[in-house]
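Dumping the structure here so I can ask a few things about it.
A, B, C, D, E and F are the chain letters, set down in written order, and residue numbers restart from 1 in every chain.
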Amino acid sequence: MYSLTVRDHMMIAHSFRGEVFGPAQRLHGATYVVDVTFFRSELDADNLVVDIGLAAEELKGVLSALNYRNLDDDPDFAGVNTSTEMLAAVVADRLAARVAAGALGTGAGGLERISVTLRESHIAWATYERPL
Amino acid sequence: MYSLTVRDHMMIAHSFRGEVFGPAQRLHGATYVVDVTFFRSELDADNLVVDIGLAAEELKGVLSALNYRNLDDDPDFAGVNTSTEMLAAVVADRLAARVAAGALGTGAGGLERISVTLRESHIAWATYERPL
Amino acid sequence: MYSLTVRDHMMIAHSFRGEVFGPAQRLHGATYVVDVTFFRSELDADNLVVDIGLAAEELKGVLSALNYRNLDDDPDFAGVNTSTEMLAAVVADRLAARVAAGALGTGAGGLERISVTLRESHIAWATYERPL
Amino acid sequence: MYSLTVRDHMMIAHSFRGEVFGPAQRLHGATYVVDVTFFRSELDADNLVVDIGLAAEELKGVLSALNYRNLDDDPDFAGVNTSTEMLAAVVADRLAARVAAGALGTGAGGLERISVTLRESHIAWATYERPL
Amino acid sequence: MYSLTVRDHMMIAHSFRGEVFGPAQRLHGATYVVDVTFFRSELDADNLVVDIGLAAEELKGVLSALNYRNLDDDPDFAGVNTSTEMLAAVVADRLAARVAAGALGTGAGGLERISVTLRESHIAWATYERPL
Amino acid sequence: MYSLTVRDHMMIAHSFRGEVFGPAQRLHGATYVVDVTFFRSELDADNLVVDIGLAAEELKGVLSALNYRNLDDDPDFAGVNTSTEMLAAVVADRLAARVAAGALGTGAGGLERISVTLRESHIAWATYERPL
């Protein structure tokens, strides 16, 4: 199994609802360093997992809809705790839709899985992995 | 599959028995930077893999029984090589027991697997992964 | 010259005023990984730059006044752009006041300088350094 | 499942063929920081995944055939795009051959899988994983 | 003293002349992760060391003249060993010329020093620092 | 000013004397990731700060006298707290003696300063800097 990972980041504000979150119930924020990994069993005709330029561009596109925003104001997340693990799934699902729509090129047809890790600090990170 | 990772560390002394260990047969020590990853298929009602505060607290509890100690003096490890890979399993098993005892709260019932990585330097680390 | 560094972090929301900030004029947030370095020419009687336990505790105290907050609501920052470089100075100045008040113990009398680095992502960070 | 990882690096020149590579079609180069992970279900008699000294030595041996070279001149790669993902597989396959030949000692009989990650920058890396 | 750092990277081929370089006399390559730090005593009117967007853009401009190239073919480096430390100075000097030409905006007039670090692997890096 | 840094590590056991050290008064240990930086104003005839191969070799030589040892048994440290900051000075002084003895070659005559950082965990490190 082959995989390729690209890294980018986003900076957002949000708050959480529920006693379990303690002081994080207040409006605060986070930098998420975002690692996206694409998996496939065989390389494409160019010996690649995916066109790394297109992958980085599509990742930036997905992040730009979240970046520099207060997620509490995003209708997509109304009534939802935008935890690190939940946001990892959001990024993965949105990228998966772009892959399905052909945004990563014809060679990307062989992609089998995607994994998204959001690092919220030097001591905590979350990952969501799903099929493509 | 979702996962969440928390990081802490411990500083211990120990020695190894067996020619394969070379100079590490002498009493020496290590800082282990410890990454614990919790895995589950669905998030809990708060959109979390696990209460990160409780996870960090229980990890610290497990490490405090080993931290700032000479493992050669620990009866639990009598006659045993406390290699990095073996200690990763010790931390994972002790955390698994705490999870089973309910220390991570009711939401933790959905946890399926745990993985523990001990980083002993910038060029070597070991991992142990097991079901919960 | 000797120095000792301790690391912690904080997660805040804020917005900026001025065209130079582009999309960062919107309410967003950041995780700042905070490295504080203490400098002195000679070690204390225990062979230390500073009691690392006290240093970490005082750093956490300074950060707790900012952590999990929207800095736009903090009267101390009314009308001020809370840039990474400006916040590095805030943390340094507040720690310097605690050092001057004796919070780091008698051995800390020999401290000469302090430097604070705030890492806002894997590709950007800022530092402020001042005498003690 | 247990695993152990060792890190080394190599510095090579190469060029790519195909429009997808853009400016990387020109002769350029890369530092690859190489992480090799060995997997097994049970530890050996010394409580190890593998003799870390032998593992590091064999990894260095495999890398030395590539290190400080222009891969465009290597007959093994004639007409082949030496992408990061493809080179990860080359390193893994060559290490697997050494393991099969007994280079990691008798305890290494229990090794089940190997994974090789090549980090080409702070924002991109590739992995190849295969059975042993 | 305040400072702000931005990170980017470049991937080049080159060779060295002189016995001291051993196997690095052969044509090989490197990824340089490049950290540029700008220093000044007082922040500008926006509370910034420098417009981080402009700084990143100018850095990318300087690197693009070197990136994805064989430095042995660059007339600027004819007969010169393009060591990591020498390339750090090249990047610093070229950025300094852009700062002097006003590329970082009017606020950048207060910049006093620049420092460039090139990281060639996880175990080696070089820095050049100069006044502005 | 130019500088070049090389990284290595050592793994030692030790204990501390004094209430300030709390549980670290017990015999424990540490991995120190060691970064040594050499400074000079002008590069040598090969465009280098120092022969990186020799620098790495001499660093390994200095560390080998400490590595895989219990520092409490080392007569050089009798009655001394081998704190991270103190050990940084020990490594720097021993390397400085080797530089003075010509171990880094004739080009090393231009070296002006040396700095040694010992990283004891992901959240703490110490540095000692001195002239050469």
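As a working rule, a residue touches a chain if its C-beta (ideal position, glycine included) is under 8 Å from a C-beta of that chain, and two chains touch if they have at least 3 such contacts.
As the structure is a computational prediction, the values presented were derived from the model and not from experiment.
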item	value
Distance-maximising chain from subunit A - centres being C-alpha averages	F
Interface sides of subunit C and subunit E: same vs different residues, half threshold	different
Intercentroid distance (Cα basis), subunit F paired with subunit D, Å	31
Centroid spacing, where centroids are CA-atom means, of subunit A and subunit B in whole angstrom	27
Residues within subunit A bordering two or more other chains	7, 122-123
Contacting residues of subunit F [partner subunit B, same complex]	7, 9, 11-14, 23-24, 26-33, 67-70, 120-123
Of subunit A, residues touching subunit D in the complex	1-8, 37, 43, 46-49, 51-53, 56, 105, 107
Footprint of subunit D on subunit B - complex, ascending	16, 18, 20-22, 80-86, 88-89, 122-130
